[in-house]
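Note that the chains take the letters A, B, C and D in the order they are written out, and that residue 1 is the start of every chain.
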Amino acid sequence: MAWTREQMALRAAQELQDGFYVNLGIGIPTLVANMIPQGMSVTLQSENGMLGMGPFPFEGEADADLINAGKQTITELPQTSYFSSADSFAMIRGGHIDLSILGGMQVSEQGDLANWMVPGKMVKGMGGAMDLVAGVRRVVVVMDHCEKAGDSKFKRQCSLPLTGKGVVDLLITDLGVFRIDRKGGGATLIELASGVTLDEIKTKTEARFGISLSG
Amino acid sequence: MKSKIYPDAAAALAGLTFDGMTVMVGGFGLCGIPEHFIAALRDSATKNLTVIGNNVGCDGHGMWQVLANNQIRKVLASYVGENKILETRYMNGEIEIEFNPQGTLAERIRAGGAGIPAFYTRTGYGTAVAEGKETRQFNGEWYVMETGLVADLSIVKAWKADSEGNLVYRKTARNFNPMIATAGKVTVAEVEMMVPVGELDPDQIHTPGIFVDRIVVGQNYTKHIERLTTRPKQATFGGAN
Amino acid sequence: MKSKIYPDAAAALAGLTFDGMTVMVGGFGLCGIPEHFIAALRDSATKNLTVIGNNVGCDGHGMWQVLANNQIRKVLASYVGENKILETRYMNGEIEIEFNPQGTLAERIRAGGAGIPAFYTRTGYGTAVAEGKETRQFNGEWYVMETGLVADLSIVKAWKADSEGNLVYRKTARNFNPMIATAGKVTVAEVEMMVPVGELDPDQIHTPGIFVDRIVVGQNYTKHIERLTTRPKQATFGGAN
Amino acid sequence: MAWTREQMALRAAQELQDGFYVNLGIGIPTLVANMIPQGMSVTLQSENGMLGMGPFPFEGEADADLINAGKQTITELPQTSYFSSADSFAMIRGGHIDLSILGGMQVSEQGDLANWMVPGKMVKGMGGAMDLVAGVRRVVVVMDHCEKAGDSKFKRQCSLPLTGKGVVDLLITDLGVFRIDRKGGGATLIELASGVTLDEIKTKTEARFGISLSG
């Protein structure tokens, strides 16, 4: 037993707060857009140059001039504003975005993140990921706990090239949730996924972590 | 004053291209790309280009056409997926790619246009992007020094222009175009419509005419969509990303 | 979401001011200054302020009121003429002034808001402005390193706002306001009118709401003109400057 | 005999070219705005954030939100655009303005300019002058040749604090016109004002200069 993709996204959605400006990465983080609690006002930023992302357009109403950072067609909202990519990343780099929820390939116990390339495979580029983890106030990574082959993706040190060093504040996997102190204070397990035991997560985790389970 | 308006993209590029030149091209993915100038650049058969832009098109579209025509030697970009020819040539060492974080690339272009030769950013510190670059502490945090970028020719796409070269962009088709317009020794712009001088609200001009040397009105825009995502008409609120 | 709209400037400043704080204030001369917030700042009696802005008002007007009320310890500005109190206090060593070239000041504020701790500029190389600063060559030219500026509180004036905090400025009253809006830990904006969300064209918003924490609609703007220059109605084209 | 202020401005106006974007300083340079040759299109920039400055407003029509860098009320033209001061100085620093015509207190034979402060007097600040001389492609200085007391203002070295080092391309005084090589090639007298002799200008000039008079 472990969390599904939807359950991981739901857990990530708990990190949202009313009035937050949020950037969501592709993959599981995208699901969070549909899980904003009722009555909570959250504004989504798209790093190509938009604040206030709306839902996908109705069939037949897509506008080629209106896409998100994942290059999907989207819509605007009444409060939307558009700006250049330079202004967009000034917003990101300047610490104005409250929260970024991103996917990951590996996270280290120091909060390093690797999510942009695998040596020997074709490198597609980092896009805006390095800017987001360097600039956004709080970075949450959502990823599977283990590789398909069973290796832990939450590691003592990332073996893949880094996206950022000491940049992850919270790691949500299908097995549980870890708080990470970017400033070298290490990782702490704060939640277990439904049906996951402490023994299981200990066995499947390479990173060292403290334990502070409230429930 | 000599008119900035040219009859078509080929005429507007005449005399501006040369082998080995550096060209900046606006757009994010296929959104807001200067379609007609890209076709004219392809037809110019200029070789050994260094191309600066967020992407290099994708299979069959955008700057991919210039790439497929063997005109590109080097690329500065942040993301080059969905581009098999580029992948193959890069793996074979036939083309050089300098990957830049998207925000660093945007800021390097802005800096180039703004007379700023270098700046510091946290982005990329401790990663491969910082290798060979100066790193430095300010207020206890580590930063990487990045340099400004300029080009021999900047090519942008806007929505509206007047004959002064004032430009207005539309929605997320703005993206890299405004900075790129400032960073070329020469800047050419293609637009969907010309409006009479005085029709654009002076408070609402995105790129002042000083940055634009030549203007073309593009006909029959393709505006290919890379990832068409929609929701059925009857659906409730269907996802924001 | 908690409303960003406050009934008046005093209410909007409540809890945001403290002795020794750094405040950035928008405007160029008396054009585009946040009149009502300046009055509220004066009435707050906050002391030992470091004030960052292009000017510090002029005799009787603008930030001069805060200066005259003995609240300012240090000023970062590009021009402080027509301000006798400032002149006297500066000559007597009672107030510190750090003169910044206007463009360097504007860029330092932009950099602060954009997470750029430092950048290089040609401006001021070989002058007193470069003293004590790192100088460095890029491509054979000498440049001076300047640092980004941030503030505990940024105070700006815009023309229109919506309840999201999206701002639009008017004519040359824009000046330093957009950068200052990005560089405050907290940013408050006063505007001449609120419009319903959705009325501002999303392509035409100068300051996105993310930068604005509190908004006030100012009543009865004075908009004092420093140098009224006109031409008689019958004159021919009478000079552009 | 020597040039009047108007004649100096007229000579400066000869530096204008069709299609130029120009920034004019206060004082004599301001007069140049009225001397743009018929049929020539010149766009005036105001560094507070405006391209395309129009004339002074008619009486009763001044707009407090529309001033130039000298804080005078002005008007807009059909082609006018407004932008922030950061964008304005990005335009200036980035070398996009073709020509700046400025006043001066002293100019050196190396093209150094001093025009912002006199030690011992109240310092008002440099405003945008340092940015303009550092960024604009071609810088023309218009000033009286001598102090009231008779000292030459065109000097071997400026004695006043500099606005810029090696930044002046052309010096127009009431006595004549000097071309200056910013890159250390020195100064060359290229024109004499009406009624001024070579001997007079030699006597009244501290700077060393070559002579290349075409007329």
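Criterion: contacts are C-beta pairs under 8 Å (C-beta built on N, C-alpha and C of every residue); 3 or more make two chains touch, one makes a residue touch a chain.
None of the values given here were measured: they were computed from a predicted structure.
Both chain A and chain C are touched by B.
Per-chain CA centroids place chain A at a distance of 27 Å from chain B. Inter-chain spacing, taken between the CA centroids of chain A and chain D, is 54 Å. Taking the mean of the C-alpha atoms as each chain's centre, chain B and chain D sit 36 Å apart.
Shown for chain A are the residues that touch two or more other chains, namely 76, 82-83, 89-90, 92-93, 135.
Shared contact sites, meaning residues of chain C that touch two or more other chains, fall at 107, 110, 114-116, 121-122, 169-171, 174, 202-203. Taken as a contact graph, the chains fit none of the simple arrangements: neither line, ring, star nor complete graph.
Per the touch definition, chain B reaches chain A in the complex via residues 28-32, 54, 77-81, 87, 90-91, 97, 99, 101-104, 106-107, 109-110, 121-129, 159, 169-179, 206, 223-233, 237-241. Those residues of chain B that touch chain D in the shared complex are 1-2, 110, 112-116, 162, 164, 166, 182, 197-198, 200, 202-203, 205, 208-211. Residues of chain A touching chain B in their complex: 24, 26, 29-31, 33-34, 44, 46-50, 53-68, 70-74, 76, 82-86, 88-90, 92-93, 112, 122-131, 134-135, 161-166. Chain B contributes residues 107, 111, 114-122, 138-139, 141, 143, 147, 168-171, 174, 201-204 to its touches with chain C in the complex. Against chain C, in their complex, chain A makes its touches with residues 18-19, 21, 40-41, 43, 45, 51-52, 76, 78-83, 89-97, 135.
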